[in-house]
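Letters A, B, C and D mark the chains as written, and numbering starts fresh at 1 in each.
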Amino acid sequence: MKLHEYEAKELFSKYGVKIPPGRLALTPEEVHKAAKEIGTPVVLKAQVVVAGRGKAGGIKAANSPEEAYELSKKMFGMDIKGLTVKKLYVTKYVEVEREMYLSLIIDRATRRYLFLASPVGGVDIEEIAKTSPEKIKRVYVDPSVGLRDYHIRSIVSWLGFKPGTPQWQQAASIVQAMYRIMVDHDAELVESNPLAVSKEGDVIPLDARIIVDDNALFKHPDLEKALEEDPRDVTEFEAYAKKIGFHYVELEGDVGIIGNGAGLTMSTMDLVYHFGGRPANFLDIGGGASREVVKEAVKVLLNHPRVKVIFVNIFGGITRADEVALGIKDALAEAGGTTKKIVVRMKGTNEELGRAILAEVGVPLFESAEEAAKKAVELARP
Amino acid sequence: MTVLVGPNTKVVVQGATGKEGRFHLQRMLEYGTKVVAGVTPGKGGTTVHGVPVYDTVEEAVKKQGANASVIFVPAKFAADALLEAVDAGVELAVVITEHIPVHDTLRAVNYARARGVTVIGPNCPGIVAPPVRVKLGIMPNSIYQTPGKIAVVSRSGTLTYEISYQLVRAGFGINVAIGVGGDPVVGLDLMEATLKVAQDPEVEGIVVIGEVGGDAEERLAKLYAEGAINKPIVAYVAGRTAPPGKRMGHAGAIVMLGSGDAKSKIETFRSVGIPVAETPFEVPRLLAELLKK
Amino acid sequence: MKLHEYEAKELFSKYGVKIPPGRLALTPEEVHKAAKEIGTPVVLKAQVVVAGRGKAGGIKAANSPEEAYELSKKMFGMDIKGLTVKKLYVTKYVEVEREMYLSLIIDRATRRYLFLASPVGGVDIEEIAKTSPEKIKRVYVDPSVGLRDYHIRSIVSWLGFKPGTPQWQQAASIVQAMYRIMVDHDAELVESNPLAVSKEGDVIPLDARIIVDDNALFKHPDLEKALEEDPRDVTEFEAYAKKIGFHYVELEGDVGIIGNGAGLTMSTMDLVYHFGGRPANFLDIGGGASREVVKEAVKVLLNHPRVKVIFVNIFGGITRADEVALGIKDALAEAGGTTKKIVVRMKGTNEELGRAILAEVGVPLFESAEEAAKKAVELARP
Amino acid sequence: MTVLVGPNTKVVVQGATGKEGRFHLQRMLEYGTKVVAGVTPGKGGTTVHGVPVYDTVEEAVKKQGANASVIFVPAKFAADALLEAVDAGVELAVVITEHIPVHDTLRAVNYARARGVTVIGPNCPGIVAPPVRVKLGIMPNSIYQTPGKIAVVSRSGTLTYEISYQLVRAGFGINVAIGVGGDPVVGLDLMEATLKVAQDPEVEGIVVIGEVGGDAEERLAKLYAEGAINKPIVAYVAGRTAPPGKRMGHAGAIVMLGSGDAKSKIETFRSVGIPVAETPFEVPRLLAELLKK
């Protein structure tokens, strides 16, 4: 679950970090009121959980409540990388002395928490890694001992602060807060970019990003509720497929993909691409493949406006091909006819039986996934 | 012989009385695995498919000599189940369970490693070794009937079966197949598992199946380039068409902070001389070519 | 720091454990009032931090507030193993169904927490270990992962409870509370003995014992304060020596011992005992030995009523014998004469100088600790 | 050669600018130890007796190649100092500091052990090896001028010096002396340290100095009885006259829950054939007798 900036900043604040005054606004009127209360100049920030919203026009400064009001009218409803702007975060404009980068992730290789710190920030870490990799300091924190003073010292001095200064203290408390947020909220990422020194000399997280482990949401009912109320980065279709229990990701092509298992489904997407097609989605029905589940998956894609061809690729050791075939037949029957084509590749038991059932509804069953993929791509051609 | 498992592997199934546990316990028995005990707290004294069930792993170890565990318990309790297995003294634990919170995994896996226990998973199909007919996991038995010299190491489940099937059809035999798990943090990662199978003299060739997310493939390539592995490797990497920032089914299959995309993994493999198949179906051919050399 | 039973039980209660109603009383009047409030029968328990107070008459039952009043008059001021009873804990009499043993310590060998559990309790663990060692279950908890459900299950079922019963729940929450107390309060021992099942079916810690790590008291100012107000198990002399900064333990003999380093001081006690004498104390002045420190140590023992001979045994690599000698001379000067004898054994630099200084005040300096010990023992003989 | 330390041991002193650290840094240098760096947060850039001081152990390791640390920092910060040393990659850490809370020690020592770092202490005099003239600790240099074949392993400080002195006077040379520390939880306990020195081919005889509290002596006796140590051992145990339930100077020197008294330790040693000296001064004679056999 990706937290909105305003949610992330509220968490920072809850952990004692000083953040610029800000208000969430859902209408231009609320923006006007917020700008007035906070005092201009303010910054209007579109609350969409994608990177690069600034370049996409999702961040604007305003010198008066009126200007904020007018700007917000254009911003509400904007589309930023496929997401619609419904919330604006109105925040005090901060004059910045310098910008830094600080994030906390889980390092897979060492199985430790890992702080990435750079005295240069404001751009993506990918950018920093490319242009000045020597500026990135990695500080590993083992979960069995937790964050210690020597870690903090190492990070804060790398960011360029001097021991004993108030800035050192502020930066240290931000490091501590980020670590506590990471652990207490089962986060996968806690990032402050830019972390800034203001003209007044305060160390302030100008932007904040938190991603919480979806598997741990059951421990955090408040977040679960917030996600339910605002599903944020899922499209309508993703929400629909997830509700049924599928792993689903929206892509941009026209060949609908259904696979069992994440790796196989991805490789099916890649296969379609390899033969010149464009996958429309990733839909993983999970390891097994029952009649009911297959039916539901096919129904999802039958309802998908962009999908022209549905490519079902099931590899099952003990999965019965006749079951899968019946699931597809059921989906077609429930839909009551469709213009979409279906191509099935299937490895399991009772393949002949499955082939016969699919033949009834005019769906070809392939044994070779490559042949099936070629066919799907061919059928999708205009 | 095969790595990690052998004729003396005695398995306890944690979560043996649940639907999944019960089902796969039987499949493991059918495959030939010595499943000596099941564990479900509160169900001690019962049996599953003739296998005695205990309340604790400690009892299963003491009374049946179990030295390996395969874990099917629900995500909320799975990390604790792993800790229990470690404390009870097993040498190998395979965690099948998906959706374990990653911070829980982190703690449990680090604990196991510090105590010298090998963990496969979580969110994995397990390990199967045809030459000794031992399976701790959920791979379909039918695919793994042909013992041989090829090791398959993978971050995926069904894709592993698919490629194993293609290998067998092409005339290869399987020495061991390890699905290391699709979570960001796993007990034995793709690099470590590859290194392990490479050290087995019985293994002649290795198929590595990677995917988007993390840097295990890159670390493996580095190791290979340094000469730490001198066995032929063919790789396949799933997810070239996966968009950044999106989780592709597996919790670990995500391109984050600009790292982990499939293309760079493929390039890295190729840059150190590891051939990468364009499709899963190309793997057997590339492997045959490599072994001919 | 050894907690009194009432303090330990308050902690248990704070962690959600049901304990029998109880009141601390400092006078017979308070005992009367407490007994009335709680409702008789009650048990009066002397709050002295030594084992075996029951056998020593420190625990009495009373059937009425008047009986409690009368009994308490005899109990206040009682001497139990050298400690004076100043506090009584008046607690509801609980009819017991069965008694168990449960404690939590730090296991040195495995460097883990260790629960010792026995379905048989009420006597010392030493006793259980002798008579029925097979009844003791050891459950190790690694600090890096903490107490987990499987540990609790293992302990609670060993104590004889059945899953799903209210007793199981109560016992489980006691195990959890003990662990939390151990970790939160830097305890070295948390013990409930007996842990009892009452006739009503409740699982109750009838007695509770907690020892907190002295080195961690700075983290627990409330405990530090409680220790200051009630030094509990230290004699007047121990309190006096500790205030100066010495490790001091009272023994029962008449040869006063001063050593530097714990091992050397113990071995000096043993040496005196070996040659037929009886050490009066353990006084460790620490690794080094400055003039000032030696003076203070000697002064402590010069003031000790039972000490006839003071045996100073200093082994120092770089310690100057003349410094030590001057310290002894200073102490004697400040005391203005004493009937006590002093024997010094000393290994360091400037030994001749030291010998000369000591000779002035009639104190012999030995190079051999054995000779010195023999001399000390001889001098202590009546 | 000696165990744990050698000519390549490069020492960083944590807490180098404090009174104790400063004093003993000089003594270690005088003894011949390669003290390459000091560490005190905020004092980076200064020097102590010509040795450069850094803010972090990481810097000391990177810039001076330190591979061992000796810790003099105050009790409240000492466990963290140990963790820092471990994370910085030293192989050996000697914790001199007394009065560290035992739960803090527990965490830090377990962490170090899990990462393969040897810890001596806390609350210890350290390690000194006359043949290589390396000292990480506070032992008086004057006592350890005679290299030889005897290892002294001890839970005590000054008593170790005393017995070492008696050994040298009796004509023995010292290979290594290790004071394992007087706390209940130490990084390398009496049993483990004895096992370590016993595995050194240069060691011909071992003097073990125990005291009341814990069961390290009993575990050592068991190991000896099982044949894991085949070097002559002479033991001494301090505290026969220590009353139960009282802490004798060392936090770890306490008879608790009926275990740890000196008499039973002495009896256990004798029961497995390890001679125990009645007084510290008997040690050289017993050792000489044993080595003559």
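FYI, contacts are C-beta pairs under 8 Å (C-beta built on N, C-alpha and C of every residue); 3 or more make two chains touch, one makes a residue touch a chain.
All values reported here derive from a predicted model rather than from experimental measurement.
If you take subunit B and subunit D together, the chains in touch with both are A, C. Ranked by distance of CA centroids from subunit D, the top chain is A.
Each chain gets a centre from the mean of its Cα atoms; for subunit A and subunit B, those two points are 27 Å apart. Taking each chain's centre as the mean of its C-alpha atoms, subunit A lies 58 Å from subunit C. Between the Cα centres of subunit A and subunit D there is a gap of 53 Å. The set of subunit B residues that touch two or more partner chains comprises 107, 110-111, 114. Among the residues of subunit C, those touching two or more other chains are numbered 142, 144.
By the touch criterion stated above, subunit A contacts subunit B in their complex at residues 50-51, 103, 105-106, 108-109, 111, 116, 124-126, 129, 142-144, 183, 186, 188-189, 213-216, 218-219, 247, 249, 251, 259-267, 269-274, 279, 282, 284, 287, 315-318, 347, 368-370. Those residues of subunit A whose C-beta lies close enough to touch subunit D in the complex are 140, 142, 144-145, 148-150, 153-154, 157, 163-164. By the touch criterion given at the top, residues 41-42, 55-58, 77, 80-81, 83-84, 87, 107-108, 110-111, 114 of subunit B touch subunit C in their complex. The residues of subunit D lying in touch with subunit C in their complex are 75-76, 99-104, 106-107, 109-111, 113-114, 125, 138-143, 154-162, 165, 182, 184-185, 189, 191, 209, 211-212, 214-216, 219, 236, 238-243, 245-253, 256-259, 262, 278-281.
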